[in-house]
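Both complexes shown next keep subunit A, but they swap its partner, so subunit B is in the first and subunit C is in the second.
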Partner chain A sequence: MKSRTVKVDYMARVEGEGAFAVKIAKGKVVDAKLKIFEPPRFFEALLRGRLYAEAPDITARICGICPVAYQMSSVQAMESAFGVKIDPQVRALRRLLYCGEWIESHALHIYLLHAPDFLGYDDAIRMAKDHPETVTRALQLKKIGNDVMILVGGREIHPINVKVGGFYKIPTKQELFGLVDRLKWARDASLETIRFTASLPLPEFEQDYEFVSLRHPEEYPILDGRLVSNKGLDIPVADYEHHFAEEHVAHSNALHSTIKGRGMYFVGPIARYNLNFARLPATIQAEARSAGLSKECRNPFKGIVVRAVETLYACEEALRLISAYEPPGQAAAAVEPRASIGSGCSEAPRGILYHRYKLDAKGIILDAKIVPPTSQNLKTIESDLRRFVEQDTSLPDDKIRSGCETIIRNYDPCISCATHFLKMDIRRE
Partner chain B sequence: MARKPKLAVWKFASCDGCQLSLLDCEDELLAVAGAVDIANFAEASSAITKGPYDLSLVEGSITTPHDAERIHGIRRSSKVLISIGACATAGGIQALRNFKNVKEFTSIVYTSPGYIDTLAKSTAISDHVKVDFELRGCPISKLQLLEVLGAFLQGKKPNIPSYSVCVECKRRGVVCGLVAFGPPCLGPVTQAGCNALCPSYHRGCFGCYGPKETPNTSSLSPSWLRNGMTPEELVRLFRSFNADADAFRKESESHEK
Partner chain C sequence: MGPAPGAGRPSPIRVFGIGNPWRRDDAAGPVTARILRDMHLPGVEVREVSDGGTTILNAWGPSDRVFLIDAAVSGAPAGSIHRIDARAGAIPSDVFPCSTHALGAAEVAEFARALGRLPEVLVVYGVEGCDFEHGEGMTGEVAGACRKAAEEIRREIELLGEGTLPASGNSSLIERGPHA
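Moving on, here comes the complex of A and B:
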């Protein structure tokens, strides 16, 4: 075959910037790399010497799309370090805040970043010319997620109301009830969203993965739980580093995570769904089934449908939390620092986000470790690129290119989280 | 009909939050898209049109040799260039490296630091090219962003106040936290823009919008020291998202011995 190179300078509709390169020789993929050149920002280093109380505000700045995830993982790590007990209603408010982030982030990804791939548009704004109702619904759904974050967190990007121990100010029952009518609308819009995503022409691409997510005894996992997988992992969050490793590779400013002894794994909505299907309400299970999902999904292209199912769950859960809400007696529990190590893990919209801090007796951070979901998916994304291209290497470059871009967007990669810059380069020899 | 102005949105080292603010204008986004030609906004669209651009919004700080080059190309292709957010206007939280040895930082985060190409300092866009307007905030306010876009379209100066957060507290009738609960609250020296958000949530301001015009930091700090705050606490307070903004940097350095 004649040798040729195809280049795209910028991967669009992902959060952050990056590149990928697929090298094809004699009908085989010899190399598939997702290149991350997002300038490093050194958060783990700049946290050293900062006070424990600053961690939620500083780590939120890692990502403008999922700041709540960073705030929740960091406060829970600090609370586990200092042995702080959280009022159940404070926990419920945190879960509500997180539902807002899931709704906002999932609506953004489903409609603004991913759907244009399947419908053949450059972006949602152009899509709005032919599908005005769909895009208007998307924006309103996204807005309701933001409004939940504004009420509970103070603002939608980098909320200011979260602190170790609880909140600065707690909302009244009446304020929360003000969200109910619109959340009910959002629940209906999520049902429409499930139908919309199920109608998209999604390729068949079933693979064998190790899925990893949190699992809580009763709830669909958002804030906490044990770390489990479909291949036998079942550990407390505090044991994370005994079972997972990070490696530094030359083509990426993001570290690559692996499960020790087994290698790549898969985090995010599909992993949560597969490992926690039984914890979804029966009505939502039925909606998932009617959208063509079984209780286990092995096709990453169907991530867009699973995100829609999770959006419905987040709306229903937000409504349930609001109807059961009783303002806690205190906005925040007292916190007494001590020399200790604490870890926390929560389910960011894109998957598990792990934080671990070592602290001195005054609560000064001596050492920090943060593992965002996107760096945990990088190896799996590269493997998908390889397998996808290998299905038919005779396809023209533009088909390979668009297929690869869609594969990457299946994971809703947040390259700002993992660090970033996407540039595309297909080499043929 | 007159040609629609071409808008480009660029990203440097940042969290993506400030450009997300544009997509967070859910009620206005389609109207904005009707008024301008979104010619280059990679986070939102695969359609990229070549420059020149009438307006470039630049998010993020300069932290790599490659980006220090790239910003000059963007300036050359932009009639008007507006930097948005604390990273672009002051170097952002990643400018904390400016007070430390960056080699030490790299080896803390990465096992093979040789792979990492980075500059010793994280700097604002205006340290590299001429900037026509700086919109502050970590993150920016989307209302202020719409004001800036509207002003640009009408060819007038954006109405962005440079007074302090205290003015917003007084206007909203928020109880003064400094008086009622004591320090810290950076409201007296921080530029308005958040509508006194933290004080209205029973929390002291922590400086998201950076120093106000002519901030009297050297009068504020000694009174806090007299009231029991330690120099270390003061350094941390001034050294966050706008750590390398001139007034905040000088104040934090004056307490570091």
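Moving on, here comes the complex of A and C:
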């Protein structure tokens, strides 16, 4: 077969910029790469020499969509290093702040970034012309998530109220109750969202993935827990680097992560859902089942449905947290630096986000390691692309292109976090 | 289901400067907005937007008068100023840059049109840029054009206050030479 090339110079509806290339020879896929060409931003290097207290605000700048994830992983790493105990209500407020981020990030991805793929639109603006009520619901839902972040975090993008030990300022009960009516509306909108995603024409596609997420003894995981997988991993966060490795590949400025000895793995909503289904309230389990999900999902295209289920969970959890809220006696626990190493991991909307810091006796950062969820999914995305194209290499280029773009968006990649991202290049020989 | 409770807040005139201050000339929107904010115009809310633009769509009501300012890349000389009445018709697709992960002024306006949420007045100003690489600092022509654009918007706002500007008018695309 004569060789041919198909390109998407900059893929839209992902967070960041990069390229994709697939090479097909004699009807077989011989290469599939995500080329991440944006320059690295060196956050880990610029953290060296900075005070521990600066980490949550510096690392929040890595991402405008999931800054809370960076703040939560960093403060927990510092608190682990210094042996700081957090007031349970401070922890509840952190969880509430994180629910706001899940709501806004999931609403953005479900409706504005991913749904156009399944409904046959080039972008959400064209979709909005035919589905104005759906898109209006999306924007309002996203706004309510942002409003939670504004109240608890001080502002919606790069919140300013988070510190090691707790918060600078804590909200009153009355202030939090002011969110209740809107969160109840968001809960109803999330139910609509589940039904909407369940109605989408989602392709059948499965692989034998290793799913990795946090697992908490009682809660659906957001803030903390042990790291577990469906293939036997069960470790404390502090052991992360004993079991996971990062490697540089020539075609990507974002490092690729692997489980040592096993290779690629899968993080994010589907991993959380599969490994923590029992921790969802029965009512939400029932909604998931009514949307066609069983307690385990192996189809990455159904990630959009799982995100909708998680959005419902985040709304209900936010309402539960507000209902149970009693302002803590202190906004933040005292912090006494010491020479130490601390690690933290939380569930960003896109999956686990690991931070580890080495600190001196004054709390100066000597070394930092940050592993964002998108880096951890890159090998799995490349594997999905290869398998997808192999299913039928005779498809016309535009079908391959749109299918590959949808696969990439299944993972809601945040390339700005992993470094930045998409240009697509299909070669046939 | 109905609209979210508390959505939308009435306010007469809103100005949004859209762009990334750390991508050189892409800062034209936020910089122009900053100049306007420093003018302390009564009854005018000025916001810099660098978070992707979707928040703007929830930020105006149907009776608001809105100005959006963004960097433009139409091929005109750097520092040229475009003025487009978004109520009069679709924003030309070749004036504003496309972003992979954010809504620019044109997309915000077209989103609002698709959703039937155009405000009473929606004027889009574009400041032609030429350097969108990483880093702070705009080219001289663009910095000068930001001051000029801010002055033109101030004059429009004054006319709105006097009720002498129609709520919507014919689409216009004004290209001028650099204002270095």
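Methods note: the second predicted complex is superposed on the first by the 429 of 429 C-alpha atoms of A that agree within 3 Å, B and C clash if a C-alpha of one lies under 4 Å from a C-alpha of the other, contacts with A are read in each partner's own complex, and residues count from 1 in each chain.
Criterion: a residue touches a chain if its C-beta (ideal position, glycine included) is under 8 Å from a C-beta of that chain, and two chains touch if they have at least 3 such contacts.
Predicted, not measured: the structure shown is a model, and the values here were computed from it.
Enquirer: With everything superposed onto subunit A, say whether subunit B and subunit C fit together or clash.
Expert: With subunit A aligned, subunit B runs into subunit C, so clash.
Enquirer: According to the stated criteria, A:Ala324 is in contact with first (subunit B), second (subunit C), both, or neither; which is it?
Expert: Touch status of A:Ala324: no partner.
Enquirer: Does subunit B (first) or subunit C (second) touch A:Asp181, or do both, or does neither?
Expert: A:Asp181 contacts subunit C only, not subunit B.
Enquirer: So in the superposed three-chain picture, is A:Leu395 touching just subunit B, just subunit C, both, or none of them (first/second/both/neither)?
Expert: Touch status of A:Leu395: no partner.
Enquirer: Scan A:Ala286 for contacts with subunit B and subunit C and give back first, second, both or neither.
Expert: neither
Enquirer: If you stack the two complexes on chain A, which partner ends up touching A:Ala339: first (subunit B), second (subunit C), both, or neither?
Expert: Neither partner.
Enquirer: Identify the partner contact of A:Glu192: answer first if only subunit B is touched, second if only subunit C is, both if each is, neither if none is.
Expert: So A:Glu192 only meets subunit C here.
Enquirer: Can A:Ile125 be said to touch subunit B (first), subunit C (second), both, or neither?
Expert: Both subunit B and subunit C are touched by A:Ile125.
Enquirer: Counting residues of subunit A touched by each partner, does subunit B or subunit C come out ahead?
Expert: Ranking subunit B and subunit C by residues of subunit A touched puts B first.
Enquirer: What is the contact status of A:Lys142 with respect to subunit B (first) and subunit C (second): first, second, both, or neither?
Expert: After superposition on chain A, A:Lys142 lies in contact with both partners, subunit B and subunit C.
Enquirer: Would you check which partner chain A:Arg61 touches, where first means subunit B only, second means subunit C only, and both and neither mean what they say?
Expert: After superposition on chain A, A:Arg61 lies in contact with subunit B alone.
Enquirer: From the options 55-63, 217-225 or 235-243, pick the one stretch of subunit B whose C-alpha atoms clash with subunit C.
Expert: Only 55-63 shows clashing C-alpha atoms.
Enquirer: Following superposition on chain A, which residues of subunit A contact subunit B and also contact subunit C?
Expert: Residues 10-17, 39, 64-65, 108, 112, 124-126, 128, 135-136, 139-140, 142-143, 146, 156-157, 416, which sit in both footprints.
Enquirer: Quick check: in the complex, which residue numbers of subunit B touch subunit A?
Expert: Answer in residue numbers: 11-18, 20-21, 23-24, 26-27, 29-30, 33, 38, 42-48, 63-64, 67, 92-94, 96-97, 100, 102, 104-106, 108-112, 115-116, 118, 122, 138-139, 194, 197-198, 201-203, 206, 208, 236, 240-241.
Enquirer: Name, in rising order, each residue of subunit A that touches subunit C in their complex.
Expert: That would be residues 10-17, 39, 64-65, 108, 112, 124-126, 128-129, 132, 135-137, 139-144, 146, 156-157, 181-182, 185-186, 188-189, 192, 416, 421-422 of subunit A.
Enquirer: Tell me, which parts of subunit A touch subunit B in their complex?
Expert: For subunit A paired with subunit B, touching residues are 10-17, 38-46, 48, 50-51, 54, 57-58, 61-65, 67, 108, 112, 116, 122-126, 128, 135-136, 139-140, 142-143, 146, 154-158, 160-161, 168-169, 246-250, 253, 255, 331, 414, 416.
Enquirer: Using the touch definition from the top, list the residues of subunit C that touch subunit A in their complex.
Expert: So the residues of subunit C touching subunit A come out as 1, 3-7, 50-52, 54-55, 57-58, 98, 100-101, 107, 110-111, 114-117, 134.
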